[in-house]
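By written order: A, B, C, D, E and F. Residues from 1 in each chain.
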Amino acid sequence: MYLNAEAQNEIEQFFYEEAALLDEHRYSDWLKLFTEDCRYWMPIRQTRLATQMEDEFTKPGEIAFFDDDLPGLAKRVHKLESPYAWGESPRPRTRHMYHNIRAIAVEGAEITVSCNFVFYRSQLEDDVDWFVGRREDILRRVDGQLKIVWRSIFLDQTVIEAKNMNQFF
Amino acid sequence: MYLNAEAQNEIEQFFYEEAALLDEHRYSDWLKLFTEDCRYWMPIRQTRLATQMEDEFTKPGEIAFFDDDLPGLAKRVHKLESPYAWGESPRPRTRHMYHNIRAIAVEGAEITVSCNFVFYRSQLEDDVDWFVGRREDILRRVDGQLKIVWRSIFLDQTVIEAKNMNQFF
Amino acid sequence: MYLNAEAQNEIEQFFYEEAALLDEHRYSDWLKLFTEDCRYWMPIRQTRLATQMEDEFTKPGEIAFFDDDLPGLAKRVHKLESPYAWGESPRPRTRHMYHNIRAIAVEGAEITVSCNFVFYRSQLEDDVDWFVGRREDILRRVDGQLKIVWRSIFLDQTVIEAKNMNQFF
Amino acid sequence: MTTTLPKTSLSFRDRMDVENGLVDRKIFSDDEIYQLELKRVFGRAWLFMCHDSQIPNSGDFFQTFMGEEKVIVVRNRQGGAEVLINACRHRGAAVCRAHSGNTSKFMCAYHGWTYDLNGNLIGVPGNAELYDKTIDRKSWGLGKAAQVMSYRGFIFATLDPEAPPLETFLGGAGKVMIDKLADYGDIEVVPGVIRHRLKANWKIGMENDQDYYHVGITHASLFDAWQSSRAEVNQQYWIDNKGDIILGEYGHITDTMPGHFHSSIFPHMSLLTDLLQVVIVRHPKGPQELEMLYFTFVDKNASPEERKAVIDRNIMRLGPSGMVEQDDGENFEFCTTGSASQLLRDRPFNYQMGLGSAKLKEGDDRDFPVFEGDRTSEVYARWRIQCWADWMDAENWDDLITNHSLPAAR
Amino acid sequence: MTTTLPKTSLSFRDRMDVENGLVDRKIFSDDEIYQLELKRVFGRAWLFMCHDSQIPNSGDFFQTFMGEEKVIVVRNRQGGAEVLINACRHRGAAVCRAHSGNTSKFMCAYHGWTYDLNGNLIGVPGNAELYDKTIDRKSWGLGKAAQVMSYRGFIFATLDPEAPPLETFLGGAGKVMIDKLADYGDIEVVPGVIRHRLKANWKIGMENDQDYYHVGITHASLFDAWQSSRAEVNQQYWIDNKGDIILGEYGHITDTMPGHFHSSIFPHMSLLTDLLQVVIVRHPKGPQELEMLYFTFVDKNASPEERKAVIDRNIMRLGPSGMVEQDDGENFEFCTTGSASQLLRDRPFNYQMGLGSAKLKEGDDRDFPVFEGDRTSEVYARWRIQCWADWMDAENWDDLITNHSLPAAR
Amino acid sequence: MTTTLPKTSLSFRDRMDVENGLVDRKIFSDDEIYQLELKRVFGRAWLFMCHDSQIPNSGDFFQTFMGEEKVIVVRNRQGGAEVLINACRHRGAAVCRAHSGNTSKFMCAYHGWTYDLNGNLIGVPGNAELYDKTIDRKSWGLGKAAQVMSYRGFIFATLDPEAPPLETFLGGAGKVMIDKLADYGDIEVVPGVIRHRLKANWKIGMENDQDYYHVGITHASLFDAWQSSRAEVNQQYWIDNKGDIILGEYGHITDTMPGHFHSSIFPHMSLLTDLLQVVIVRHPKGPQELEMLYFTFVDKNASPEERKAVIDRNIMRLGPSGMVEQDDGENFEFCTTGSASQLLRDRPFNYQMGLGSAKLKEGDDRDFPVFEGDRTSEVYARWRIQCWADWMDAENWDDLITNHSLPAAR
């Protein structure tokens, strides 16, 4: 399945706007893209035997890097926007890049979209991190506007080599 | 030249679907995207004098990293799907990302499409490789479906620093 | 705001064509994409206190990596195409990738487009550089053709770890 | 008060002046010292491997480290835990490629030598045809830890055959630290062990666990997000501050801070056991790099709500994405860089907080000394580093047993 | 059978017990040993550079390495091959920036000093104006290999002026190995030399060439793809296994496995010469890194079909994308890591396959000893490593000539 | 003419033969020599920090390096400039995270120790509550440069308390070099300091500044772009070439090339002061890495047009994207690699251009010797490297003052 050009274009532009908010560190505005009942989830990925990949990712309710509802996200946003957020002082130069954006399911008012992401971060003088993986978003149209209902982030590394994961994906 | 939005959209979605098959290690399904008379070719790139760049890439019939017809690809697929494919055990976390997708020629039923690729691979604990380059595909519509007739992969590095090139591009 | 699929498609294809010219080192042809009154500018990025980010980038008239008008660009092109351009001897393997292409303003005949870029460069044997950042272009339609009026390039690193920045962004 | 150290002698004890709270910065980045640490600390101590609940059944395994090297903790058919070095005895290739899982044997993917769950060599392809049956299998099993023991489901291993029993190493104090977590019920590790690397010395990470001094500053943005004022934070960490302090033999430590109760089993295991139910292990990967593993524990019989609450409290705080620890990584790296400064080579780090403020607690009937005083104090760090010097100066376990420091007020 | 080695003496011969098939793992990762290898092995041996067909005409050049350093092999105007060190004598900048090509001279792009195809300094910009003609050009030519010789179109070079002639170094055995490939006709190298790096010790790569033990396991997926059963594979490699084994002086080796016939000219050149027509060279780039070059050979007079067949057989199997070698890289890296294990420091690698199974072949009239026995055996690896020790223990070429091991059944 | 050096003695002076223009290549890549350089050169010399105009007001700061370590140059409340080591005295974390800016104090983000603009420890959170006021603040201020002095707005610092005054170090020659730039008016640094790293030895970068020999070749494409013929270039650099040459004590250098007038204050500051108005500083980051900082100066009272012209001339030429310097980086890296060659270990670099061509200039009334001769010459490099050896051989400043070379024709 795939959407027609106009529908595809709307979704791509929606994500690109979102990325711009993140890279401009406009976290409060970014937060408005989520629904009241949203979930923001990044499970942990583990190196497993080939025959036991069903446990590669932790499941909802198990350990996760992120497992936030809207108030949880709001706290993180408040923190990032706090004058004492040293990790944002000075702000890292982040660049969110989305690729291979595909609608993979439509169910009533909700559409599920998959994309590959490259999240590049350059901090202080020479501190560079790359985060790469796949994202799956359930989007819902709320009075005309697309909103994010459920975001699942599947990172490709099983050992995190970055200093932290302060920002959003 | 460029295609209209709908035609462009179809091709982009076709490639994104393809990338998903590769990153989900569904190689047999991926193989179905190729025509009977297909060719999958990655020449060797060499550091040459500026005045002698015509020999930068090896030519068809010379040494290549890949120079497969459909049976050849099938063998590689069979191998990757074999339970003894240690390199896939556990499966590397791969991420194929395509950019700058452009139709560069249309000839009868066949269309030639160029794209830049970033192929990211994370294996075992901390083993990360990046493959970057340009791809050129000749696509043909076979009873309604787009299929790959000829794929040429032009890698940007002349000295491979990755442990192997097990997967497809 | 965002453009409809056709308009968006035209701009994306325009940039993809441009990237192809750069990666094929067809600098003179690339130069034709700029208007007579164009400006090509890459300010310097500095690590600053969070409270003093307004000075993160140098301003027009201050130091910049690039601050060229058309004749300035022409000189650079001439240089790159000179047989004595050792940095192009042999030519580096470059790959320009554009993401998140968004129209962010339309003003009369001119449209402002933002995109994230990953510029990958592989030289000689094993010399690899990644340049990542955001680009902002003012495009103008000149007798039917899109042309670049003003290009601003905002690199994400503050300490350049690459040997040089010979090529264009 | 003096701010310098005597010129470094060969003794590590002389690299610090615990009475005056001074420590040679060099021990946090020097490669020679680090190489000796691998032998004298990580080559001798009982090291936490994993918890019984992670490998309940025969063939269940979990991969971790002893010092820098990869080891597999596996449940053997006899129900015991084995700690095997993940390197084939033929030519050294890896025999296990996963962080965790279940297997009936370990096969090397190079030539196929196969080992059972006890590490015995059980399969040699072509044994008859190619080796004429000459391979002496008994001699070619996988390398193993010298001893493996567990306490209340916590599996430890040591590389030193002369190490005393685990419980001797733990002592009363160490056992109490584990009890605090074990007493949460019939505990198990929640699936999902976070692994995180930093360019920092492992000791700097350890010191942070009982460092309540940095909380108000490093994590200021968190309290801001939580809308608790600096005054409240200071009240909690600076004023409501008196209480028990436990310093165990061989370097084990517990603060008794409400909501924290951070305990460290020397050298590299920390238990966060009041609000949280977590174990953190900090594996060294060089003088200036570490890999941290995070284990979350919950009572098997907890209600779904309780379970979720435990997990949420943890996720929200710990690991590279935890709202608390997000702020710590950078400090660990900065301190490691600072410790390597040549310009400041002769200026020791400052460990002067709470000097002499901890007093022996009278009439405490526990079988180990308990101290009391300010719980926001560097008394923990002074004790750990003093014990570390004992380990580094000792020639062997006997020497260490004879000469190690005994807990005393300081 | 013993499984340990005597405590390491200063002699490399004592780092192994070839009679019992034991080798100190340390030699595959230790930096000090590696630095000595650069001097005593790569600083002395005749090293394969490239093939005449790659540089047929005056000015044709090919860039490769001697040890870690870049050298240019170039056809001079006199028709000979020169091996020049790619570093300008003025201030050390590179004088050649390409892997291969054709040039009339080598100009340094820094100040323009120019060297002819013999490495002589022929151009010094401003020689009159700035140097007042004082530069003694004869003294400032490019560094060069001490000797360059070729055998049947294979160009070799050595850094040691005292090295005996190439053919003495090769000996009857070494020449036969090259003959096998050269006899394919009027051979030439097909354009396209693959260059591939791995984090592995060069010797581990070399040992793999005559390692038929790993085939059935490491490459199991390939046989699966080729639908040949394990039984067939074992039949081929374990049972139909008797045949000639050639161990040449100084460490040259050939198995005579049908379809393989893998030969190695010590230290780092391998010829795959039965089914394939390939040369692999493994350049060291540190104790735990190598760069491999792949050359494919074909008869100039081959029909287009024959030519294509040769190339296809090769592409399908070799290099980082070859269906065979895809599987090998990881093993090389794992073994290198395993060789660096401190916990297993005293446990040698196992080289016990086919101990004593190779017997001197009677009545073979070749001018060098030929052995016979199981061809899937570690006899090759034992012989190579024993010869490596001869090279490492020798003070100079005379010493090596006098004291090197002579092939004998083992 | 000889092309070899005596076997290296312990003296650095013996690593070169300046009379014959030979220099041991090893000094450009060896780590041991580099470690000594950090002590004897960067640990002693007056090092340029920044310009007054960059930190006009109290609290303005600029971050740079002394040797490898990060230092903050800050304007204190008294109007003076302080040079502070960017590492907290508590546990070593960084106290400043920006390249430049303005601040009222420096707070460590780990535990909040705070330092004033003079580096004094002024804030210790919980000083009363946690430290019982025992911290001796006077003893725990930030590390500082031993001395800070400036000359005409150029701020310098040294780590050696025994270093003579800045002006003694500069001498008449050094002062003239700075005067040339300072005399452009009431100068200020234009916002935007470029920072660029290369895998090259810092000395190779420095030598390039007075290297007019490479111009026509390295930058040939530039002249091509500018349509000036090789003949014109050679005329300028090879023929119209006679003029003053200034060699200052301790290694300072100025050519007087029209349009260039490149001056170097030993060890790592260069002033480009005829066409351009630029200072370049080359900080070492290891034996084979450096970081370059670029400062552009302009007269505060310049008209907008003049100002723009100065900036454009600079941007167009310098930094990683400058049309001139784009070409240089690679040469620096190549030369560094070449200097590490083991095969060429005994072949010195060539410094023979203009040997003996510089003669003492008669009747020049300046208070330091002035020479005259070909201005495209390696006399500058010979002088610098000879002085470098003086620094490296000297035990301390007294020794250096007593034994350093005096400028003489060579």
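What we mean here is this: a residue touches a chain if its C-beta (ideal position, glycine included) is under 8 Å from a C-beta of that chain, and two chains touch if they have at least 3 such contacts.
Not measured: the values here are computed from a predicted model.
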item: Number of steps on the shortest touching-chain route linking subunit B and subunit D; value: 1
item: Subunit E and subunit A - chains in contact with each; value: B, C, D, F
item: Most widely separated chain from subunit F, with each centre as the mean of CA atoms; value: B
item: Relative to subunit C, chain with the most remote C-alpha centre; value: D
item: Computed distance of Cα centres, subunit F from subunit C, in Å; value: 33
item: Separation of subunit B from subunit C, taking each centre as the mean of its C-alpha atoms, in whole Å; value: 27
item: Residues within subunit E bordering two or more other chains; value: 97-99, 109, 195, 197, 217-218, 330
item: Where subunit A touches two or more other chains at once, by residue number; value: 5-6, 8-9, 47-49, 83, 86, 89-90, 99, 118, 124-126, 158-159, 161
item: Touch relationships between chains, expressed as pairs; value: A-B, A-C, A-D, A-F, B-C, B-D, B-E, C-E, C-F, D-E, D-F, E-F
item: Subunit C partner contacts - residues on subunit A that touch it in the complex; value: 5-6, 8-10, 13, 15-17, 19-20, 23, 83, 88-91, 93-99, 118, 120, 122, 124-126, 128
item: Complex contacts: residues of subunit E adjacent to subunit C; value: 97-99, 109, 195, 197
item: Complex contacts: residues of subunit B adjacent to subunit D; value: 86, 89-90, 124-126
item: Subunit D contact footprint on subunit F (complex, rising order); value: 38, 66-69, 85, 87-94, 107-112, 125-126, 129-132, 134-136, 139-140, 143, 159
item: For the subunit E and subunit B complex, residues of the former touching the latter; value: 97-103, 190-199, 217-218, 220-226, 291, 294, 296, 307-308, 311-312, 314-316, 319-321, 323, 325-327, 329-330, 333
